[in-house]
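Consider the two complexes below, in which chain A is the common component and chain B and chain C are the respective partners.
Our next item is the complex of A and B:
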C-alpha cells in the first residue's frame, strides 16, 4: 500500500531531489534577510516588524488567530488560482501574463450569473455549480484567444495576454459595470447588484468568513497535478515546455499537435485563473465593484515562480503570499508601510531567478561537507 | 619532450564513471589519435584538458609542467586549442573577422581591419592553409570553414591542437585536404590530438593510437603495427564485422512517391528543385550528397515541417494535400532525425518518457487519456534490452545519455511504432562502429520486414552498403540514380560534387 502510494505520487527520485525544495526555501529565507536589512537601515526594528507580520499572518496561533487564519486562506485561494494559471501555461512553454484578465473576466461572469434573473432563483446546489461552469468557460475562452493567436497566427502570448488584460479591464470597468450591468439607481449600490443568496460560497468556519474556496482550489490543484503527470495531455504539455528552446521540434516531429495543445493549455490556464475572480465575487465582495482592486493576477506570476510551477509548490507559495498580505496591515504598527511584504515578495522572486547560482552554492556546500566527512572516516573517493 | 601528459584522470558523473584513471602522454610534434565508442570517455577527457570539465581527481602536465586548467581560457593560455565538431564561426563575418574575433588588432579604439587582413594572410602562408581572408564564412564549404577554425586557434599561438571528430562533416576530398593540413602542422612542430571513431582514417594519419573503452584506457598502439580489424576489436571489445550484411528482399508495392517536389530552405531560397522518386516496400533508397544540398529541405517536406512550393507527396498511392507531422505519422511514417537533441528527444525527460513519445496516446501506454505507468515501464525495460541502451535504467534522463545511446533510444522509439515507411536521416551520425553496426542490422531487419526505407547519409560506404538504389543530390537536384553494383565511391564522390552526371535509369 505504502509502495503504491509512493509510486503514485513520487515516481523515482534522483540524488539531491531535495535540492528542488531547498532552493525555493533558501530564496525565501534570503528575501526575509534582505527585508530585515532594509528595515534596519531605515532605523526600525526588524524583529518587531516580523513579529507583527507573522503574528497577524494566520500562519501561527496567537491572538485573533481564527480570523487571521481564515483571511489568509481566503486570499491564498485566489493567489493559488492565479498562480496555477501561470504555472499551467509555463509547463507548456507559454509565458502567460494574462491571469489578471482571466481573474476579472471570471469575477464579472460570476457576478452576472449570481444576480441575473433566470439563475438567481435556482436552488444553491444547482446555482453555484452553474456559476462555476460559466466562470470556467468564460475564463477559458478568454485564455484560449491568446492561445489561438499564438498557435495559428504566431503572435507571442506575452503581447496578446497583456493586451487582452486591458481589453477585459475596459470592457468591464468602462462599459459593463457602469452600463448594462449597473445596479438600479434606487438601490443606491455602485457597481453591479449584489448576488443572490444562493450564489454565495458556503462558509466553513463561522463566525469567520472563510468559505469553501480553499477546498475548491485544493481539489483543482490536485486535478492539475494529475493532469500534468498522469495523463497523455499533461505529457504532451510537458514535452512542449521542455523543448521550448528548440522550437518544440521534438514533440512536433513525434506527431504531437502542438498548435491544438497550445490553445487547450491556455484554455485551462484561463479557466483556473478565472476561478480566483469567482472566489472574490462569490465569497468576499458579493458584487462586482465599479473599481476593482486587482493585482491578484500579477501576484500569481510571483506565486508560480516561487512555487517552481509545480502544483504543490504553487499551493505553498500561495499560502505564503496570502499570509504576508494578511499580516501586512499590522506592520504599520512598527511604522512600516503596509506595502512592505511586496518588497519581500519581490526579493523572493529575484532570488528564485538566481536559483542556478543558489543551487550551485548549496551543491558546493553539500559536496564539500561530504568530502570532508569521507576523509575523516578514512573512506576513499570510490 | 612531452607536450601533454595526463595522470590518473578520473571523472565521475552522477551514475557514470566517464574516465577511470586514464594515463596518457603525447610527445611534441606527434599526431596522437584517441579512438573509442560513443560514451567511451574521449570527449570527456578532451573537455577536461580544454578546461570545460574539472576532473574528479588526477593531474595534467603541459610541456612537463603541472597545470591546473579550470576554464578554456586557461587552456588557451597554455597554448592548447580545440577545433570543435560544430564550428564556432559567425557566418555573416568574413574569414578575417572570424579569425581575429576576441583578440582584434586595433588602432586606438578602432578595429584595424587592414592589419588583421595582412596578419591572416601571413598566417595562412606560414602554415600553407589557403583561405580567402575577405570572403564571408557563410559562402565557404565546410572543409574551408574548418580551416578557418584551425587558423583561428593557430593565431592564438596554439601548440597543442585538439580535433574533435573533424572528419564527421567532411566529404572524402575534404578529408584528404584536412590530412594534408595536419601533416603540414606536424612539420611545423605542432602537436595534434585527433579524436575519431573512423578507424581507417586514424590508421592512415596517426603516429600513435590510444583506445578507450567504457572510460578505461584499453591500450596504445604504434603506427603501422595494427590493422583495422584488430583496432576494431580493441574498441568494441569483441570481433566486429565491418562489412554490411546484404539482404535480398522482394521489392513490392510503392509506398511513398514524390513528384516534382520543390521546397524552400529556411533562408527562403529554393533548396530542393523538382525532385521525383519512389520508395517501395522492402527496399532501401539511399540519398547521397554533401550536406546542405537539399537533404534538410527534403526531410522537412516529408515530415511536414515545411510546405512545398510545388509538387506532391503520395503515401500508399494516395496524394496528401496538406502534410503535418501529425497526419503523416498516422499514415505510418517513422523518422530518425539527424539532430537527436533537437528533434529526436526531450532532453530533460527520462528514457521511459522519451520512448513513448508519439505513441503515448495508444493502448497499452494510455487508456482514455490516462497514462499506464506499469505498461510503460515494462515496455521500456524490454526495449532498452532489445536496443542495448546503456545504462539500462529506465529513469535515466536523455540528457545524461551518450550520443550513441541517445540514438539507440530514438531507434527503439521509432522502430517500435507501427509504420510502413522509415525516413532515416543520417542515422549513424556521430556513432561509433559498434553502434553503427547495430543501426545497420536494424535497418536491414526493417527491410526484411517489408518496410520502405529512405536513407539519407553523408557516408558513402553506408550508402553503397545498404541501399538497393542510390540517388545523388547536388545543389537541390537529383543528378544521378544508380545501384551499388554499378558504381563506386569515387564516382559517387564526383557526382556529389556536381562534376559528373549519370542518367537516371528509372523515374
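Our next item is the complex of A and C:
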C-alpha cells in the first residue's frame, strides 16, 4: 500500500517521500494559525470566523451543504486548471506567469464557438467537444508563443508570458468584446452574446449548478500525471526541470531536443489553463462579459506552489483554495472582510516558500539531533 | 538548549490557546432584528468605490437603515444630524426618513460569486428584498428570481436576463434604469460655459449603455451651448484602474482640454488626481455621486458632478417593500422625479449668474419635455439642439 501510494502520489523514490506531503500540510496549518491571530488582533472571534468559513466552504456536511459543495467544486476546477498550467511548465523548468492570459483566451474562444452561427446549431455531443478542442488549440498556441520565444530567441518566459497576458487582455476586452464580438444593441446585453444551449456544460447535481468541469479536469490531471511519470516525453521534460540551473546541458547532451520540448511544454500548459476559462464561460457565465477581472490565473500560481507542482498536489490545493473562496463570502455575515481567505492563501504560499526551513525543523523533530540533518535530506555531500 | 526550545514551544501553544479561548465565551448578543431584512449584493467594485456601489449602500444603510458601516465590519447607529447631512441638496424635498430595516450586505470578489451570494441572502438570511447593484448582476438576478419566486429582487442599471441572455420580466423583479443622458446634458452645458480653451475632454470606462448615455448627453449639452467646442474623448476599457484614468487625463490636458468629465468609476479617480496636481485653470466633473464633497478626490477643482441617484432609487425600492407597494417591471429614474441631476459644487465660481440661469432654464425645459436628449453618441450629430433658452 505504502509503495503504491508513494508512487502514485509523487512518483519519487525518496526515503522521506512523505515529507513532500507533510510540508504543505504544516504550511497550511501555520497559515490558519497566523490567520487566527490576525482576526483576533482586529477584535473579532477566530472561532466564529473559521466556523463560518468552513461551514460554507463545502468541505464538511452541514446546512446548505449541497450548494456550497457544488460551488466549491466549480471554483476548484478552475483553480486546478490554472494551477496545472503553472505546474506543468514548472516541471519543465519554466516559470509560467501566463495562466491568466491562457485563461481568458480559453474563455473568449469558448464564448465565440459557443454562440457563432455555424457551430451553435450543432447537437450537444458534437458541439461541446468541438469547443473543448478549439479552446485547447487556442490556449495551447497562446502558450506556445512564449515557448517559441524562449526556445528560439532566448527571451525569458517570465517576461513574455506577462506581456502576453496584457496583449490577450486588451485584444479581448478593448477590441473583441466591444467590437466584432459585441452582442447586438437591441438585446440589451453587455459583452458577447450568450452561448447556445448545446454549448453549456451538462449539470450533474441539480438543482445546483455543478457541472462536468470537475470531471473533465480530474481526467486531465490524470493524463498529465501519466504523461509525466509514465512516458518518455514526460521524463524528458522533468529532466529539463531538474537541470535548469545548469542551462539544461545534461538533457541536451543526452540527446533531448530541449527547444522543441520547451515549446511543447508551454503548449500543454497553455491548453490546460485555457480549459479553466472555458469552464467559466460554458458553466458559469454563459457569455464573455465586458469586464472579466478573473484573477484565476494568478491564484493558479499559489495553487501550484501549495501543491508542490505535482498533479495530485495541485488537485488537493485547488480544492482547498476553492473551498476557501466559496466560504469567503459567507464570513462577511460575521462582518469579516471578504478578502480574509486571501490572507490565509497568501500565508500558505509564504510558508511554502519557507519549505526548506520547515523541512529542516520537521526532520530534526523526526530524527532527533544526533545525525546531521543535511545528509538525511540528501542535499549535503559527504 | 532543549529546555529553551521547549519553552518557546510552550509559549507558542499558550499564545495560540489564548487567541482561541479568549474569544470563545464571548458569544455576542444579537440585537433585536427589525422585521424587514434587506440584502444587497455588490458587483466586483464593492464597498468603497466612491461611486456606484457606495451610492446604493447609502440608500440602504444610511437612509433606510439609519446606520453607518464601521470600517472592517459591523454597523453602528447614526445621529439625526449625520442623517440629514447625508441627504444631498436636490433630494432634501423628497422626505427621506429612516425605514427601520436591517441591512445585510455581501460583497462579491468574483463574477462567480453573484449567484451564491444571492442564494445566501435568500436561503440563510431570509431577506425580504435582495438588491443587485449594477448591470453585471443582470443574469444572476434573473436566474435567482425564477428560482426564488417568493423573494423580491431589485436590479440597478439593467433589466434582468435569463440563462440565454433574453430579457425577462418576472413578477418579483423591479429594475431601475436612469436617464444618464439628462444629467450628462446639464454637465455638458456647464462645461461649455466653463471652458476657456474651447476644448473639453471626456473619459469613459467601457462603452456600456449607461456610459454611452452619459456621453451622448454630454456631447449634446456642449453642442447646445457652443457647437464649435472641440471634444477629445476616450474609453479606458476599465472601471477600476485610476492609473489609466490619469494617463487619459494627462493626454487630454496636453491636447489643450481644460474641463474634463469622466464616466469611468474608480478609473476616474486618476483624472481628479491629475487635475489636482495642476490646479487652476483645470476643472474636473464627477459622475454618479457628488464628487465635490469627497475630500479624497479633488473638491477644490470639481466643477460639478452629474448625479445619478442610485441611493434614492435603492431607498424607493426599499420603501415600496416596507409600504407593501411593490411593483415589478422597469422603472426609469428621470430628471423630473429627482433620479438624476447635477451638483452645485463650484458652478457659481466658474459661471456667471446669467449662464447659471440658462443652465437652470434648460433643466426646466427638459423637465417640461420641451426637447429630448439623444441616448446614443452617434445620434448627437443629427440632433437639433434647442435654441431659445
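Methods note: the second predicted complex is superposed on the first by the 354 of 382 C-alpha atoms of A that agree within 3 Å, B and C clash if a C-alpha of one lies under 4 Å from a C-alpha of the other, contacts with A are read in each partner's own complex, and residues count from 1 in each chain.
The definition used in the following text is that a contact is a pair of C-beta atoms (placed from the backbone, for glycine too) under 8 Å apart; a residue touches a chain by one contact, two chains touch by 3 or more.
Computed from a predicted model, the values in this text were never measured in an experiment.
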Clash-or-fit label for the pair chain B, chain C on chain A: fit
Touched partner set for A:36, first chain B, second chain C, both or neither: second
Which superposed partner A:183 touches (first chain B, second chain C, both, neither): second
First, second, both or neither for A:152, with chain B first and chain C second: neither
Partner chain(s) touched by A:284 [first = chain B, second = chain C, both, neither]: second
Greater residue coverage of chain A in the superposed arrangement, chain B or chain C: C
Chain B versus chain C as contact partner of A:329, first or second or both or neither: second
Which of chain B and chain C A:197 touches, first, second, both or neither: second
Chain B versus chain C as contact partner of A:47, first or second or both or neither: second
Distance of closest approach, chain C and chain B, by C-alpha atoms in Å: 15
Chain A residues contacted in one complex by chain B, in the other by chain C: none
Chain A partner contacts - residues on chain C that touch it in the complex: 15-16, 19-20, 22-24, 26, 44, 46, 72-74, 104-113, 115-117, 119-120, 123-125, 135-136, 139, 147, 158-159, 161, 163-167, 206-209, 237-240
Parts of chain A lying in touch with chain B, wherever the complex brings them together: 7, 11-12, 14-15, 230-233, 235-236, 238-239, 242-243, 246, 249-257, 381
Parts of chain B lying in touch with chain A, wherever the complex brings them together: 10, 12, 14, 56-57, 303, 305, 324-326, 328-330, 335, 337, 341-350, 353, 357-358, 360-361, 366, 369-371, 373, 395
Parts of chain A lying in touch with chain C, wherever the complex brings them together: 33, 36-37, 40, 42, 44-48, 56, 63-64, 67-68, 71, 74-75, 170, 173-174, 178, 183, 185, 187-190, 193-194, 197, 200, 207, 209, 280, 284-287, 289-295, 325-326, 328-330, 332-339
